[in-house]
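The following pair of complexes shares a single chain, chain A, combined with chain B in the former and chain C in the latter.
Our next item is the complex of A and B:
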């Protein structure tokens, strides 16, 4: 179970009702988004399944008997998607990837690790990046494979790497 | 033979009355002059006193309050206009400085309380912000009220709302709260719950539903109240400015 410092809003009952007033709602969404990222980070999670959102302590505070409805969760995730902090994995919008950092930021983080370790012009497998001993302690260690791929693609667009496939394995060459 | 009242007698009476009146106004004038003289002397002494004890006034909260009361009693406002003798004392400066700090605290907490803050929270944060270097400068609620009142000259952005029992809220957003909204805040404050509902307003204040709804909806629109739809009975309206977890939460500027 993730241990995080819950913000004051988590104990504030109306926090679990999407606010009708736009200015207040903005503050509310911003607070939720920060909380979601913080929570997922502390438990090393990258995915939110809207159908199961009611079961996580993140969206439900039994102490004050308040829960965030599925619609409300969706509202927040859609707001996060607008600024590139989340994306649905399919059209039904039930399973969402949440980005602690934007894909660009993830990409840059990996690239600066690559540069710092002199791995330019060499090939790494995605497995190495995610699970390798050398990346232990890096924030992207253990990153969801789909998110990792997207982050690398954003690097590829900038011409800093090239994704490649060999056999059953995916690899990446950094420049 | 019955003597009729003569014209002379009437004239005499009139003359006497006039003399009395003259004497009366003379005495009154004397008294007035004397009073004026006394006040003048008092004022002079007060100014002398103030210039001698400026430091003391700035440092000591109780001293400051008594000085304020003294000034108020004789119609002197040491905060009024930068002109003249009083500006030299720098007593106004003390309050201007406080005013600026109040604005800073209000802006820093606006994101969470919507621009409404209890005087206690304001005071706690302000004292924390002033830091240890000036810890001898303890600030009273009276000081804060005096300083906020001075902020009014910038328009209706800053107002103090009395919510009863010596409790105050400082509102740092434009737009005046009407009487009903003030009553709502008073009620919520006296209940100590940080929330209120339409049925409570109807029951405790004898309002009809429309009146309660109008007041509450307006406060939601102003960003002062949050709506909570998950109470089993009815919609609750919460005031973050009175919610203890919010009051204690760190401010982000």
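Our next item is the complex of A and C:
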């Protein structure tokens, strides 16, 4: 279990009720989003399942006997989706990918790593990027495949790389 | 007393002399009568009373049939209960029709008293109760023909003349009709009283007015404090001239008058109760002050709606939740929110119920106050299984 420094809001009961006052609500959602990202980062998770949300210590604080309801979790995730920090994996909106960084940021991060290591105009497999020894210590090491793919696609749009299919493996050529 | 009959002091056939006593005074219920210092003779059927010497001579005397008596009682004599009982109370049944004329035509009492100057002779009392208990008249009815005047015998008069025999639908209808009549009458009587009371109320108001002016004039004698207190009593007693619908030609005039009156009387009340009061409470207060000329909730609402048009220091306010209140104009949201948020900070957190206890307002209003505070961003809510509570808005205040 990841140990993170819980913010003061975590022990403040109103934090677990979505506030109706718009300004307050903004602050509250921002705090939640920050907490969620921090929590997932520390435990290397990328996925939030809304149905399971009640069981994680992230959304429930037994010390003050408060839990964030599923509706509230959904509200927060939808707010995150608006600024590109999360996306539902399907239409039922039960499983969400949460991006510690936006896809653009991820892409840029990878590209700067590629440039730094002189891998331009060469081909890497996705497996190399995720699990390879060379990427150890980089933030994107161990990144979820789907998220990685999306990040690279955003790079592809900018013309900085090209995704390609090998036999049953995916590769990417950086420019 | 109306059960007595004038009769000749003579025994009839089948009637037996039992006992006599002297110095007896008769009471009609609790009232004294002119029949004092007489002689009583008890027979198996009757009780005779006559002036001393009259009974032995067989003159006209007062006669009471014992079948009227259903209960005897000794009255404890003397102011301090000294000297033993002096009076016998005889409780009597209703006078039967067809009885001979007596000393009284009608009496409000259903008992008489025999007062013995020398105290009750226990033997006499015993004989009297025995005679009543024996009911000899049931076995040996008196031959009243022996008496001269009336033709109707008292026995026959015992027959149930008083009961009405009614049968069939007509009988039922008639009894229903009679019942309705009786109800009708009692209602009329009741309302007559009410009108009188209202007239009296006006008098009362004028009296209280004069008293208050007198007090004002004599202010030297009475302390300022007393005057103020008396005035506040008068104020809480009511409005001295309630606006009524009769006095106005149109509804709008009536509502205007009503609004004026509401604003006049509620200013002080609102100040006392923190500047805000739910309309239901206002309605109670207004009607209490009006006494009898009550107004309907609708009239109150219509009156309150007109308050802003006449520059009243208060106005009707409808919260988003639908609750209606009467609010002093000085009682602005910002002020409310400020004081409420201070209270929240002092207490850590507040539920509507807690606030209602602290601020001495109704729970409904406390809720509204908290919502107002929240709307202005000075509080934030916490909804849990324990209910709704409000906390200081640390989201905005804490960086």
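Note that in this section the second predicted complex is superposed on the first by the 175 of 175 C-alpha atoms of A that agree within 3 Å, B and C clash if a C-alpha of one lies under 4 Å from a C-alpha of the other, contacts with A are read in each partner's own complex, and residues count from 1 in each chain.
Note that in this section a contact is a pair of C-beta atoms (placed from the backbone, for glycine too) under 8 Å apart; a residue touches a chain by one contact, two chains touch by 3 or more.
Predicted model, so just to flag it, every value in this text is computed and none were measured.
Q: Judging by the criteria at the top, classify the pair chain B and chain C on chain A as clash or fit.
A: Clash - chain B and chain C, as placed by superposing on chain A, overlap.
Q: In the overlaid three-chain picture, which partner chain does A:8 touch, first (chain B) or second (chain C), both, or neither?
A: both
Q: Counting only touches as set out at the top, which of chain B and chain C does A:121 meet: first, second, both, neither?
A: Neither chain B nor chain C is touched by A:121.
Q: Applying the document's definition of touch, where does A:92 land relative to chain B and chain C: first, second, both, or neither?
A: Neither: A:92 stays clear of chain B and chain C.
Q: Is A:17 touching the first partner chain B, the second partner chain C, both, or neither of them?
A: After superposition on chain A, A:17 lies in contact with both partners, chain B and chain C.
Q: Looking at chain A, which of its residues have contacts with both chain B and chain C?
A: 8-9, 12-14, 16-17, 19-21, 23-24, 27-28, 65-66.
Q: Show me the residue ranges of chain B that touch chain A in the complex, using the header's touch definition.
A: Listed in rising order, the residues are 111-112, 114, 195, 220-221, 223, 226-231, 236, 238, 240, 243, 245-246, 248-249.
Q: Along chain A, where are the residues that touch chain B in the complex?
A: Listed in rising order, the residues are 7-9, 11-17, 19-21, 23-24, 27-28, 65-67.
Q: Which of the residues in chain A end up touching chain C in this complex?
A: On the chain A side, the touching residues are 8-9, 12-14, 16-17, 19-21, 23-24, 27-28, 31, 65-66.
Q: State the interface residues of chain C toward chain A in the complex, per the touch definition above.
A: Chain C residues touching chain A: 349, 374-375, 377, 380-384, 389-391, 393-396, 398.
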